[in-house]
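Next come two complexes built around chain A: one with chain B, the other with chain C.
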Partner chain A sequence: MDAHVAQLQMQYRNYILSLYQQGFLDDQFTELKSLQDDGTPDFVAEVLSLFFDDCVKLVGNMARALDQTGTVDFSQVGANVHQLKGSSSSVGAKRVKGLCINFKELCEAKNYEGCVRCLQQVDIEYKTLKAKLQDMFNLEKQIVQAGGIVPQVDIN
Partner chain B sequence: MASDGGVSCLRRSEMMSVGIGGIDSPPLDVDEVHVLAVDDSLVDRIVIERLLRITSCKVTAVDSGWRALEFLGIDNEKASAELDRLKVDLIITDYCMPGMTGYELLKKIKESSSFRQVPVVIMSSENVITRIDRCLEEGAEDFLLKPVKLADVKRLRNYLARDVKHSNGNKRKLPKDSPPLTLSPDSSDSSPPRSTLSPDSSDSSPPPSTLSPDSSDSSSPPLSPVEIFSSPLLSPLDDEVDDVLTSSPESTPSLVRRQKMRSPGLD
Partner chain C sequence: MLEPELKLLYRINAQSWKDINVDVNHKVESRLKLKFLELELKLLHCLLTFTKQNVIEFDPLHINPNFSISVTVSNHMMEVCNCIEPQWPADELLMKYQYISDFFIAVAYFSIPLELIYFVKKSAVFPYRWVLVQFGAFIVLCGATHLINLWTFTTHSRTVALVMTTAKVLTAVVSCATALMLVHIIPDLLSVKTRELFLKNKAAELDREMGLIRTQEETGRHVRMLTHEIRSTLDRHTILKTTLVELGRTLALEECALWMPTRTGLELQLSYTLRQQHPVEYTVPIQLPVINQVFGTSRAVKISPNSPVARLRPVSGKYLLGEVVAVRVPLLHLSNFQINDWPELSTKRYALMVLMLPSDSARQWHVHELELVEVVADQVAVALSHAAILEESMRARDLLMEQNVALDIARREAETAIRARNDFLAVMNHEMRTPMHAIIALSSLLQETELTPEQRLMVETVLKSSSLLATLMNDVLDLSRLEDGSLQLELGTFNLHTLFREVLNLIKPIAVVKKLPITLNLAPDLPEFVVGDEKRLMQIILNIVGNAVKFSKQGSISVTALVTKSDNRAPPDFFVVPTGSHFYLRVKVKDLGAGINPQDIPKLFTKFAQTQSLATRSSGGSGLGLAISKRFVNLMEGNIWIESEGVGKGCTAIFDVKLAISNESKQSGIPKVPANPQHVNFAGLKVLVMDENGVSRMVTKGLLVHLGCEVTTVSSNEECLRVVSHEHRVVFMDVCTPGVENYQIALRIHEKFTKRHQRPLLVALTGNTDKSTKEKCMSFGLDGVLLKPVSLDNMRNVLSDLLEHRVLYEAM
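Take a look at the complex of A and B:
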């Protein structure tokens, strides 16, 4: 086998493992990967892309809801958090989901400063994940372009 | 990130969510299982659609309870001629949705004479016992905890295949004037058949056969009606998907399903 391909594949494996180990991804991401096949080679990329679109929209909604001069509608913020929690859970975005769980409690407690801080964390976290996954997809592309096959990474 | 290969899937499902008003889909292939998926989250709709397609279902995904009712024709008095084209074998819906919740949708479906026999499955990210109970009491077939996995959908799929399969086998093999399965003495509401519809059913008994002796999924002898209703889920490897959907207007399939819904396994 081409040494270059093997090296890329090893890099890819290690990268994926690190994403799981660092808590960026959980087994739902593994599940999504298992739903992808030769007939739907872009399934994971598509779903993640929709997820990040969701993040942009929902974070925007929450920022606006928290930016109200006057009373903040925490139930509105909470509704958006609930949606984000749902989609992050569905794609295996573990850290984002974890933040949403905290965020929900902060909304219920009507903790304004807590919510603002948490929203900032959510913003950073989804953008970080997006960059990491972009790197992952790029590695996949490199492997394929070098004539190799993207390896199945066994998380367990 | 999505390339062209993925976009068509998205477009298809988006078309389904948007173009409900005058649905121009061709009459469904009678061999296909058709599932109506309802979820306000686009991400979840794409995922559930993929899960269902992998298990060989035709999927219509909509983004709200209202659109679901519109699609089914429940919200208006459509002629049954149109409804004949609209074979829905399973409705799977999210619980928490703005406007109409999955629970409210469930109730409306159960109130509909045309669709009350269609199994409804509720999905939720929250594992709230009272919520689950309420849905099951209202007639939901099953309750899935999100995030939904392929194993969950496969389980539903097996259940559906067994359901329609038996009625179909019944329809093919019994003489026309013999009573269908569902009119056997123990099929009344007071003594519902035992069913394996518990969330973690994992019977390992051999797969049931239909009443047709030459059914290709099993070499065991034909089962009596009582045995069929007591039978475990089909093996996941069973691929008798050809038999899954009947377009016959006769009530046998719907009666079979209704009984399954009242199984004591859900108590």
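Take a look at the complex of A and C:
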């Protein structure tokens, strides 16, 4: 049983490291994890679910704003992007944040095609991240069910 | 009874025998009578033999009737007595001699054993008593023999002869036995004698040796005693005097003298003598052969009593001057003591010790006495060197004491002087400042009133002069304190950037008037919050910039501030090494004004020195400014210098000072110095978080909850205003969203809480932290700015700083 737990833990660790190395997550995510303690055992999960809900909502808003025929209200888009940027930076979604920064510039430049493309990328990106984090949570659950504890992964 | 007729045969002068008839008249009836007759016969015989004229020989049986002695002899008794006749006639001379000799022999022979017994009895040890007895017996018997022999000279009876024979036999036996015994005994006796002789020799030898040892021991004892005496004192004169006295006593000298070399070293001077109380000033040249001979060896040398060093007293007709010995005494100085060659004397300063035996005595110098003298000479040398060392050290100590006393006096005088000056300055300063203050104040007030132009001019002059005077007083006081070293820097945390700006603001009016544009360049890596003496740093910068403005008629002035590294150009004797949390601030003030002659540059920093000609002297200044600045810069462990290409080419003043980086600042790249977490546990701290972005809001809340705060969240400005109360200590508001409305909330909160202590602290959370944002925050009355996303440590530090200081400006 211990060997199984150890194996799972190793798997988990490698997975987390890969997420960081691939740029999906950054230090803010580590901070987020550090805020989770016995008093708030699901803090990270809650924040992340809120984030992803936010993503859905904001992307939807932006899609609608860009879909408008006629003049596109770039300021609206910009505001949403701003929100998304804020959210993503708060949770440590590095790639999403990076895209948002680009997106913001494009908005200010009122680059329609660029915006549309960027939005698509954002869409893909946050969904990918969501899937990956879901896997991570599953791994955590498995470890806990196997009787082990979720290891703290030191990024540095 | 027989009645034979006795016939006597006689002969005279060897003629033929005649016989006579002897009538026997009486019958001899007793032996006694016969004996008497015999005796008569013998007497007759003797009488006859004494006559020299005739030699009458008797046939023993006959008697000479010529002498009309009628002798009647009965002969039968004679036959009965059985006598033995001596062989020789009894009255012969030879016989007589023999008789006497025998007697004396007997006497001697009897006395010898007596003597032997007597002396043996007396002696304790005699191993051969048996032999003695034997020998005694032998001698006694011999004596007896001779004694008995005495009887045989005359006719004697048979018994005598028997006794004689017995004695002789015994004697023979004993003597043979003795002889045989002696064959064994005599070698032993001889060997005893030899051994005795040997032992006696040995004893004599041992005696000699013991005598020798005793003398040596005596010598040793004398040496020890002498040494003890000599070294029991450290006074040079006592040492030498004692040496002479003791030597004189030990060796029973007649005279003992010590010659010391003079200062020049060319002569020997008679310094100490034993007998003569006060020696006359008597010198001999040092190069005498006898002296060289003595100095050449460390042994004691016998010298002639007539040599000049030995001729110490008037020769008063003594026959034989006692033998004289001289030995060298090394005189050592401190400089001679080299550790490794102590036995080798590097300097050849010797004294000469001369010892004279008493005259008219046959005494000679013995080897052990010479050795004694040599040893003593060495000891004297050592003792003298010790005395010399002691003298030196005493002298040095006296000197030191004197110097100490003098120094003490000087120090006290200096202290008194300083105190007097300080008192004077303090008093005068206060006394002078009070009226000065009055003058300045009243003059300023007067300026405000209605004045005529002339009056105004006068008042202005008064004001200007009194300001100058006040500045001068301050400068002088400062400088004097600086020079004492009693000035201490007052360290505190301050904003470096602000400082520069203030200085510039102060100088700007004058510069504007003189149409000199001033530019300020602060290096981007210049720390903002530093620890140092703000006031004095400002003084320095003011002084330098003021000088630049003062002495420039045209051109521009540029002030540059940067953090200097060691590879920057610096004066060659100064290295800057940033240590720890310290750094060196370099300020360059460049002007294109009058410039300075490079030769005058060193004088600039001296007090009261002015380099300008009288014409420009009107620009004022006491000349103390740069001197004071230099002192301050030095206090701050820095350096200040001026570069100029020449007159008219402007000049650059540069100074480096050491400052410490304040703990309150946070910079990327510089390791975070965690502030003392005074409020680590923010348990129950009520805070309000306002953020439109739900995710951010949640994260911030999570952060604060983790720190233990009680968090209320709102998502809009209106809600925030509604909810905020005096219970909330801190309000975190997100100001990311473009627009200015966010900041209005701060104003509103300020309005809401008029009393300062009730108002919660306002912290802005923003995604960009450039200067404009910060300035905006400041201008809207926010107490702090935080960069999103906030890390836990950041939040913690910020909170604790905030609550402690009620103000926070986080560096970007």
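Here, the second predicted complex is superposed on the first by the 155 of 156 C-alpha atoms of A that agree within 3 Å, B and C clash if a C-alpha of one lies under 4 Å from a C-alpha of the other, contacts with A are read in each partner's own complex, and residues count from 1 in each chain.
As a working rule, a contact is a pair of C-beta atoms (placed from the backbone, for glycine too) under 8 Å apart; a residue touches a chain by one contact, two chains touch by 3 or more.
This is a predicted model, so every value here is computed, not measured.
Participant: Of the partners chain B and chain C, which touch A:42 in the superposed model: first, second, both, neither?
Facilitator: A:42 contacts chain B only, not chain C.
Participant: Which partner chains sit in contact with A:2 here, chain B, chain C, both or neither? Use first/second/both/neither.
Facilitator: neither
Participant: Which partner chains sit in contact with A:108 here, chain B, chain C, both or neither? Use first/second/both/neither.
Facilitator: In the superposition, A:108 touches no partner, neither chain B nor chain C.
Participant: Thinking of the overlay built on chain A, is A:134 touched by chain B (first), by chain C (second), by both, or by neither?
Facilitator: First partner only.
Participant: A:91 contacts which: chain B (first), chain C (second), both, neither?
Facilitator: both
Participant: Taking the stated contact definition, name every residue in chain A that is touched by chain B in one complex and by chain C in the other, in rising order.
Facilitator: Comparing the two interfaces on chain A, one with chain B and one with chain C, the shared residues are 28, 31-32, 34-35, 40, 43, 46-47, 50-51, 54, 79, 82-83, 85-87, 89-92.
Participant: Please give the residue numbers of chain A that touch chain B in the complex, ascending.
Facilitator: 28, 31-32, 34-35, 40-43, 45-51, 54, 79, 82-83, 85-87, 89-92, 133-134, 137
Participant: What residues of chain C sit close enough to touch chain A in their complex?
Facilitator: Residues 692-696, 698-700, 702-703, 705-706, 734, 736-738, 767, 788-789, 791-792 of chain C touch chain A in their complex.
Participant: What residues on chain A touch chain C, complex-wise?
Facilitator: 27-28, 31-32, 34-35, 37, 39-40, 43, 46-47, 50-51, 54, 78-79, 82-83, 85-87, 89-92
Participant: Mind listing the chain B positions that touch chain A in their complex?
Facilitator: Result: residues 1-3, 5-7, 9-10, 40-44, 46-47, 50-51, 54, 96, 98, 125, 146-150 of chain B touch chain A.
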